[in-house]
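Structures follow.
What follows is subunit A paired twice: with subunit B in the first complex and subunit C in the second.
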Partner chain A sequence: MVISNLEKYKNCFVEAFALADGAQAESLKYQSIQEWDSVGHMALMALLEDNFGILLDTDDIIDFASYEAGKEILRKYDVAM
Partner chain B sequence: MFSRLDDPNDDTCLLLESGGVLSYRDLLNNSSLIASRVLPRDVVLLVCRNDWESVAAYVGFMRRGAVPLLMNDSVKRDFITGLKDAYRPSYVFAPAGMEGGGKKICELGGYSLRSTGCEIDYEVHPDLALLLSTSGSTGSPRLVRQTRSNVTANTGSIIEYLKIRPGDRAITTLPMSYTYGLSIINTHLCAGASLILTDRTLMDRGFWGALKSQGATTFGGVPYTYEMLKKLRFERMSLPSVRYLTQAGGKLSAELSAEFADICAGKGMEFIVMYGQTEATARMSYLPWQYARSKAGSIGVPIPGGAFSLKDHDGEEIRAPGVVGELVYSGPNVTPGYAESRFDLALGDERQGVLETGDMAYFDGDGFYYITGRKKRFLKLFGNRVSMDEIEALMKSGGFDCACGGRDDDLKVYTTSRDVAKARAFLLEKSSVNPAGFSVVRVDEIPKNPAGKVLYGELEALGADSDV
Partner chain C sequence: MLLHEKTAIITGTNRGIGLATLEAFAANGAKVYAHARRETPDFLALINDISRMYGIEIWPVCFDLTDYDAMKQKMKEIAASKRSIDILVNNAGAVADSSSFLMTSVEKMKAVFEVNFFAQMALSQYVARMMMRNKRAGMSIVNVASAAGIDGDPAQVEYSASKAALIGATKKLAIELNGYNIRVNAVAPGVTDTDMVSAMDEGLMRRTLEKTVMNRKAQTGEIAGAILFLASGLSSFMTGQVLRVDGGM
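Right, the complex of A and B next:
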């Protein structure tokens, strides 16, 4: 079975922040949980880059302020969800 | 200390993230207001953020001769309760939501000063000025005792070698309760320079907005900050107001040091690697920016007023370059010692100006020092010191048989427990170590010698192929 981009995207959050399940990811914002601090942010960016084979721009890294905002940002890199 | 504030210069001020400005005169007025409510020698727990209220209260308590105990507001509530039990401060100054009871005395901005009503069953040494934690992540009540002359001496040395001047504006990147962050605040206030106060991180657009719009001239970073700058492609950023960057809080790899030396040189910025410990107030050495590239990986030379020496196994001084020994520092910024509870606040100078750093080092033919490792069992996770012994004790309290190893920013917790996820969850619940900074590794047995001492070398080899 092929994993959808959305699932892959969600899994990056689960892995970066050690979440119990993917549903938890959807409401997350930068610094809304202890795990999503600047260190967690770096881990998340690295996971997204590895999983989608992209290289995020500086502006996109610092604009990546929530789960939802991130979906829009990835669209710029031709990652449709 | 902070006498410069009495002679306000119109250009020097605190710049707030909101765009607001607080002049030195306003800062001093607020400081005096809050400090007038406490008595000299009172211990005050200051739960701080990088905002004007925390700076005003800190300055006020220091000028008043009270003894602030600084703790960052992001630490776990249990740690604050633990500190209050161990030290029985007379007052707590904290932002709304962090007060933890007590009788409200007055408010300052979003903070309040509360009297704890604790029974004061301890003495405070006349030289004690400030109490700082060395880590804050394991909830250990151990604090470093600093004196007024420690802080004054170290602040003066730093101002001298970094050439901090009134037009400078430092933007905060580190917690105020962390000695490196505090030293940036102290030096700028004492040099009549300005501070841009923010708790935003480098990963936040708001940070870069504040840096540019307020014209920051400098900021500091721990090794992880430089990893982030690299990720953000710092080399491509245009930051014309920045004159120099400093690095401390752990060893930056020689590669990253060299890379940033080049990037900064290309931007006309100075890049200054420094070395220090809370036990030495803040700083012990610095690498003059001219040598950032040619001596990349070095911690440089002692700060003005300080001296290094190296001791071999037998305690003999090493006089030849290239020979590794324990790094010993002496200078007026060496703190008198630790406190484990309020009863230690009466203690005097236990070090007499000489600090065994616990770091192993050598010097080269030009007298530049290089750290090679640590004698003590701790590592740094994103700039925060984490004692492996404390983590082991914490895990054992939860019934997990464990031993720790690993490197900076990569703590390994080896456990014989079958439930690795539970062990991980326990550590996250009981400490504030960053989840990205450690992994739990299952091992069949913790290797020990016949005397029961953990064989750490063998442990690392065991875990190498069973990482989870």
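Right, the complex of A and C next:
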């Protein structure tokens, strides 16, 4: 089964923050839940880098403030969703 | 073989302490990304010789540390190679022409900080993130600071201050990266026989060495030995430390 970039993206949130399902990820912002603190943030970044085979710029890690903002940032790395 | 199965990135390996560290790591079984500012035929021949001598892989990685775009590109290439990085040695460093504090422009201070501090921080961020993803045991970052960063002498203000900044960062990174199995330590060499001190005033050199118990310059291998120790499992219970290697000050 081919899994879309959007699914992969959501799954990173599910795994990083131990969410019940991907739908919960869509409204998330940095520090909007306990799990998305600075440690959780770096875990999410590591999962995204692993899953999409990219190395994020430090500025993009800092700007990655929400689920939606992250989609825009990944576009810069040719990850279309 | 203290570094068997380990992969390291060492900066400034074309000469001086960096070259001695590359040899010490190769002799102890590490695979190495050998950094230099420029990919010259001489540098490629040098790492080729070391690679053959010890039967280990050495890959050149060349960029000016102050060129952040080039640094990013090279780190992306290393990340794409999927080789796990275990060790980073922030060795490359620069010193400006001799001048007193009151005769040193802030621009000149910033230029030295750029190489000796900010570039090391940027590189450490990239490499620490790669290390975090590896989740391997026994990872280590070694920063090459200086006794001048503790004593304020014999180097100029911007050099001493940049090395003091690196020591401060060493302690903070040790705390922040401990959760990822990354130890962070520094060596603080005294006067070492490299090009860096070749232009040092003779009187200042003599007075500096006379303050030490051994009253001589270090050889590069003597500093490399301390770096090897901090990079290896022999120092597994040390983090956030500054190891003076100074002939007894």
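Just so we're on the same page, the second predicted complex is superposed on the first by the 81 of 81 C-alpha atoms of A that agree within 3 Å, B and C clash if a C-alpha of one lies under 4 Å from a C-alpha of the other, contacts with A are read in each partner's own complex, and residues count from 1 in each chain.
Keep this in mind: contacts are C-beta pairs under 8 Å (C-beta built on N, C-alpha and C of every residue); 3 or more make two chains touch, one makes a residue touch a chain.
Bear in mind the structure is a predicted one, so any value in this text is a computation, not a measurement.
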Subunit B versus subunit C as contact partner of A:D50, first or second or both or neither: second
Which of subunit B and subunit C A:F17 touches, first, second, both or neither: first
Partner, of subunit C and subunit B, that touches more residues belonging to subunit A: B
First, second, both or neither for A:M42, with subunit B first and subunit C second: both
First, second, both or neither for A:V2, with subunit B first and subunit C second: neither
Partner chain in contact with A:Y30 - subunit B first, subunit C second, else both or neither: first
Touched partner set for A:T58, first subunit B, second subunit C, both or neither: both
Intersection of subunit A interface sets (partners subunit B, subunit C): 39, 42, 45-46, 58
List of subunit C residues in touch with subunit A within their complex: 72, 75-76, 79-80, 122, 125-126, 129-130, 132-133, 179
Partner subunit B, residues of subunit A touching it in the complex: 16-18, 30, 34-35, 37-43, 45-46, 58, 61-63, 65
Residue ranges of subunit A in contact with subunit C within the complex: 39, 42, 45-46, 49-50, 53-55, 57-58
In the complex, subunit B residues that touch subunit A: 201-205, 207-208, 224, 227-228, 231-233, 236-237, 382, 424, 428, 432, 434-437
